[in-house]
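Same chain, two partners: subunit A is paired with subunit B first, then with subunit C.
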Partner chain A sequence: MKKLTIILISCTLILSGCWDMREFKEVKLGITAAYDLTDDGVYTNTILIPNVQNSAQGPGQESTQFLTATGSTASEARTNIDRRLSSTYSPAQLDVLLFGDKLARQDIYPYVDAYYRDPRMHLDVVPVVVKGNAEQALKVVPKSEIRPSEYIEGIIESEVETTNTLETSLQAIGSELYEEGEDFALPLLQVGDGGKTVSYEGLALFHGSSYTGKDIPFGHTTLFLLMKRVKGKVARITVKIFDGEKPETNNNTTINIEDYSSKIKTKPDKQNKVRADITMDVTVMIQEYPQDHLSLSKLPEVKKNLEQALTDQAKETIRIIQEANSDVFGIGRSIYGHYPDYWKKLDWEQDFKNIKIEPHIRVNIRSRGIFR
Partner chain B sequence: MGFFKQKKHQPVQEKVIREDKMPPHRSTASLEKNIQYLQQELRNSTDLKIRLLPGNKQALVYLDDITDPDKIQRYIFEPLLKTEGDITKIKDREESKDLNEAVSSLLEGKALYLIEGQSTCYFFNVQQNVTRAITEPMNEKVIKGSHDGFNEDIKQNINLIRRRIQHRSLTIKKQTVGDYTESEIALIYVEGVVNPDVVKELETRVKNISNDALLSAGAFSEYIEDRTYSIFPQFLSTERPDKTVAQLMEGRIAILFANNPTCLIAPVTFFAFYQSPDDYNTRWLVATYIRLIRLFSFILAITLPSFYIAVVGFHFEVIPEDLISPVLGAIRDIAYPPIIEAVMMVVVIELIRESGIRLPSPIGSTIGIVGGLVIGDAIVTAGLVSNLMVIVIALTSLASFVVPSNEMSDSLRLLTFPLIILSSILGFIGIAFGLLMVLIHLCRMESLGLSYFTPIQFRDLKDTVIRVPQFLMKRRPEQLQSPRPYKSNELSDDDGKK
Partner chain C sequence: MAKSDTNPKITLSQLSYIFIQSQVGVDILNLSTVLHKEVGADGWISLLIGGAISIVFVLMMVHINKCYPGEGLFDVLRSSFGKTLGNVAGFGYYVYFLVVAIYLLTSYGELINQWLLPETPIMVLYLLLLISALYTISGGLTVIAKVFTFFAVILFVISVLFLFGFVEAKFIYLLPIGQASLSAYIEGIRVTIYSLSSYVLLLLFLPYTQGSIKQKTKTLIGTNLIVIFFYLYTVIVSYAHFGSDQIEHVSQPVLYMLRTADSVIITRIDIFVLSLWTVFAMTAFAAYLYGAERAFAQIPKSKKKMLNIYTASIIVLAVSFWGGLNEENIRSIIDFQDVITEYFTIYIPILLFLLSFLRRKDKKKEAAQ
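For the complex of A and B:
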């Protein structure tokens, strides 16, 4: 009896197991995928698959393969891709997901839904919006890159380091996709140089799960991210602090943010329904100052102009955000948390545009350069 | 399940009586009859020498091959000349009137002196001692520390231990095992430090061994160990006297064998197999670092191949994105599934290892180079095994050789197989199941009735996972339940404070 039991148990083990085997070498992994909506209302899905030549010695040479398929729904487009591949397509290792702005304006949720459901998928896929055609951006493969499949990912990563975009992923935007009180922003790319390069253009503002069409332009992103309390390894801002100096470049200065603190205080307000105060203290180092007569007597003026310029920039950014109706600071969530009764009376969809958001920026110049 | 059973029939065989339990056979006054009996009992063996002395009234009987002619000259003939033929005046002698005792004495290497008209036999110890010089054991080399090792002579081995523990409480209990071989074994322990229940348990087990021949320490351990079907060794075997003494002073029992340099130590814990005398000769931080590496190598040795198989076969999502293209490049054109690759590579490594052991050392190293470099390179170029798999298996076998104990290292290499199979069937879940079973098994095991995988509590970590400075190791291991739990007369707490 004992022997029979052992045989039966080992049979259940051996006979049931291998079914689930998915061999790595028999799968085509998509690294980057792009979704577009053409003018005719047809969905196109393009994927980039890295292929490696056999490498008995050293790492193999990587080549990339592009596949484009169309379909009337997103999943049909994906099925059409699979039909053209020698082995099964798996998006499990996807790193970047590109959306054409036309499609993003509609709704991105249907395309990312599968990632939240299938446990085998990566949730740290970076969703990115492309101005124009996403497929075109995907197909830009500069020869200088060792691993062409990681070109776009590399752009985003380096921008995160210089505080121009925030580290985002499907995991990070998961709750904001449907939450009323907070929205999100995604990196915005554009194909430039006549289709030879892809450049980072700023942050695309979302409302709900669709793109509003409004962006925070590249020069304003650093200050915006600092207000949102996100800082990469370095943060530099170039602002215009003087007027009418000759030559024109002398009007500008570049500051390096060494230390900062930022606080957003929200409270109900009679006049504007909600009032939010963004208080920010930054300690900066003057990195570039073409006038080169930064004496101690001039410093207070520079400081004052700097504060003024930064506040202006912040106000401009806030104006764009409110126009886009994209609550990226999470002011609604904060109100909901602190004044739940008051929140019930608000119609955030309409009210956000009219609330008062006031930036208060104080600058402290710590260093003027090593010669000074 | 009567189907599997076979009919049993009991063969008939004569009972063999051990030499020391032979019933006495009285010697007679006749020299000839006595000699005849001896010849008959020793089956007319040709190495039985009978030297009749002038006058044919006296005879010296001995086994030629195990006696020393020099000693015969010095201990028998020279004194005989001085006493003018009177054997009773020679001092170093034993007497007996039992011829069966005479036979046992002959077998031990004694010479027998018989006189016509007397029934008393006289024995002289003229045994020839064949011993090997004391050398460092080949398989347990250390960098620092004593370089002596046990050899085949049990007396010399006990000598090496006695010299290290000069105290009256060092107890040596000799017994013989094996009805034909009568192999001598010695149980050695320090009374007052060792747990008396464990000694009693071991003695009963040794007493119950019934066998014609006891050939090796390994065979002996199979007679007395708690779980013969287990993959893990339950006796620590060593040829190093310093290691033995350290274990004796912890409160364990050492078992020495005649004609065998191996010393078995019991009861042991799993972690004892990961300790080396080197640990106590180096700085404690260094020793801790090396210990941690050894324990890490335990995990590496049993799980690395299965982990790789699970990743490549089931869960490629966990491969970091920067590794995707190198991994893909390596395994793309391999014809076989990863489990076949792994088994193939493991077999290759075992072949190289086994052939390296059997061959004389100059050729052995050549085989290592030919096997390792040429086959390793060619097998990858031929596309039979991916270069990643070569790395994985090579690392695995390196990790298994890190273990200071040879038996444990063999067990580990065997243990990879079930895990490889499980992981190729069920992926990570299979590994989890496999490791769970190993852990359950380890926790259930006992060594001489004391737990093998001693609860890993903080106090015992001091000399198992890490090694703290000596002054912090105030207690003996908890597992042994020693009657002398502290290592010194001055009782102090665990932090070394009095």
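For the complex of A and C:
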């Protein structure tokens, strides 16, 4: 009996309470944050905090709260936000991080450093670049959305599904941020319709940890992602395959990528220092062919034109990438991996712009649909 | 308590679990970074070479055990070096085991403090680990063997969870091969041998194990291979995940890479793995504390076993508390450990191994006469 009492007393001492308890009611969780740089170079942080009111039936009405504060570091701005909240602000559950392009052009690393350093932070945040003011994009709350706080996250997620942007997070870009000879691209958003909606605009190309100002435009993203071997649930590409047909729509076709394989081979080259060959085979279904009368005899011509059109598009994308000096395919890292001695002779900062990147695209039309 | 002193027997499989649990300690979390700092992308090669060398050391241990049947580490020391020198070496091992235990405890405290419980007083964290370790070793060898066997399943759970690291892995980061210099390789091999150095503890357990020398050799080599391949696995996952520049900024890569791994049941797998890992911290700590207790038992010829354990743990606790969360103090503990590890895990075992040949000749001569 005495023994049992001792055990029980020590249990109450050991098992009760916790120093590291953080109660949910005491924190305000930010869902989306926007980082901007003002004209005077002061850093501004805006956050969106959703508050869900309880209601008798169905999901509760959601109201959103926006708070903006300035500071010289990310943490200082956070402290300034905290001053205006009844409970503590916690960015631990952030889903999306918006960077104004002005700030992104400078350097994003100082603002994300805290996410890498603090183990409480969730590294699953999706970093996004906004053309113009990020704060403005954050404050767009369409009335039709049931959950306004998830508006921007929803845009990105649906674009991932349609292979227009890649699934990214701070963790995913972490190694590319540090690695030499490898860069990354982030989704690019823009406020449209006079401030009523936010639209996805393509991929913002980065070099090192700053935005180059160049981006892959929306129509080109799918092909680019396929070359990078990323595919969402569906992948559709619309290209122009004929010239001079009337009306103008008849020149185009939309293809649905059913299967693909893509390979990037890099090797040293005498003429251009480095040569990279991107070989891609795609199996497609013709989804839309406005011209009608897609007979079997016409398929070889369509196939040839498609290959040509896709190759042209790929070349255009590669030109943009090289202009931006953003090695998103990791060609430099691959050269370093396979030819380390040759890599030492290169000055990648200068040489990447002049290397030869050659796309080879083969198309296999599997189906024309059920209407001939 | 008295029962456990009368030559307890542990089975071969229990021996192998003890070996695994005492080897997989803190290093499982940070070996990749440490190796990368020394050897760069070639870290895994020096890991393999170091692993092969550690197998040689394991074989030496088995050989020593064969030449001195039924004698534990301290009896072996006395028989090889003579009484006085043997006792000095025994005391040396006492200090060595304590230092390793302190290293394990402070690293555990620092990790849990950084990752999991920043507000909890460090002393509470130390005490929690110490109490569970004391409870484990208080029951003697058989209980240690059973507890270690029981917890071995965690190694497999953790291995599976590490698969999440492959999600964002790029194997190009493992290339190029062969860029490091020879001295870097040697440094990497040294680091590897240190992290596999618990073969020294084998001499404490081997005499009490059932089975022939051949069976023991086979079991131990197999076990050592499992540990080496487990390390290789963690090194390759973290190299492929982080690439050659980021990994040096991350001290616990295998935890860090799981930060975004999202599963249906567990949101933060890194925290989950860390909690599982505390079991390894405990078992490795318990193994070295047991070593220290054994060593202490030899010197003053004390019969009171628990008293030895308490003395050892108070020393460990006091030094760990001094080390605490002060990075400078922890650094000096690690530096001191590095210096003495070399003597106690490499030179003395080799010396014992060589001396065991002399002894065999003596024996043969005696037999001939």
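Keep in mind that, in the parts below, the second predicted complex is superposed on the first by the 348 of 372 C-alpha atoms of A that agree within 3 Å, B and C clash if a C-alpha of one lies under 4 Å from a C-alpha of the other, contacts with A are read in each partner's own complex, and residues count from 1 in each chain.
Simple rule for what comes next: contacts are C-beta pairs under 8 Å (C-beta built on N, C-alpha and C of every residue); 3 or more make two chains touch, one makes a residue touch a chain.
Computed from a predicted model, the values in this text were never measured in an experiment.
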Practice task
Check whether subunit B or subunit C contacts more residues of subunit A in the superposed model.
Solution key: B
Exercise for the section: For A:H122, select first, second, both or neither according to whether it touches subunit B, subunit C, the two together, or no partner. Expected result: both
Handout entry: Partner chain(s) touched by A:P340 [first = subunit B, second = subunit C, both, neither]
Key = second
Exercise for the section: Please work out whether A:Q171 is in contact with subunit B alone, subunit C alone, both, or neither, and reply first, second, both or neither. Expected result: second
Handout entry: First, second, both or neither for A:D20, with subunit B first and subunit C second
Key = both
Practice task
Return first, second, both or neither, reflecting whether A:E180 touches subunit B, subunit C, both chains, or no partner chain.
Solution key: second
Handout entry: Common interface positions of subunit A, toward subunit B and toward subunit C
Key = 18, 20, 122
Exercise for the section: Would you pull the subunit C residues touching subunit A in the complex into a rising list? Expected result: 114-121, 124, 168, 170, 172-176, 179, 241-246, 249, 257, 259-260, 262, 268, 270
Exercise for the section: Using the touch definition up top, name the residues of subunit A that touch subunit C in the complex. Expected result: 18-20, 116, 119, 122-124, 169, 171-172, 174-180, 182, 330, 333-334, 336-340
Completion exercise
subunit A partner, complex, touching residues on subunit B are 1, 4, 311-314, 316-317, 319, 321, 324-334, 337-338, 380-381, 383, 387, 422, 424-427, 430
Problem - Footprint of subunit B on subunit A - complex, ascending - result: 1-4, 13-14, 17-18, 20-25, 27, 29, 31, 50, 52-56, 59-60, 62, 90, 92-93, 95, 120-122, 147, 149-150
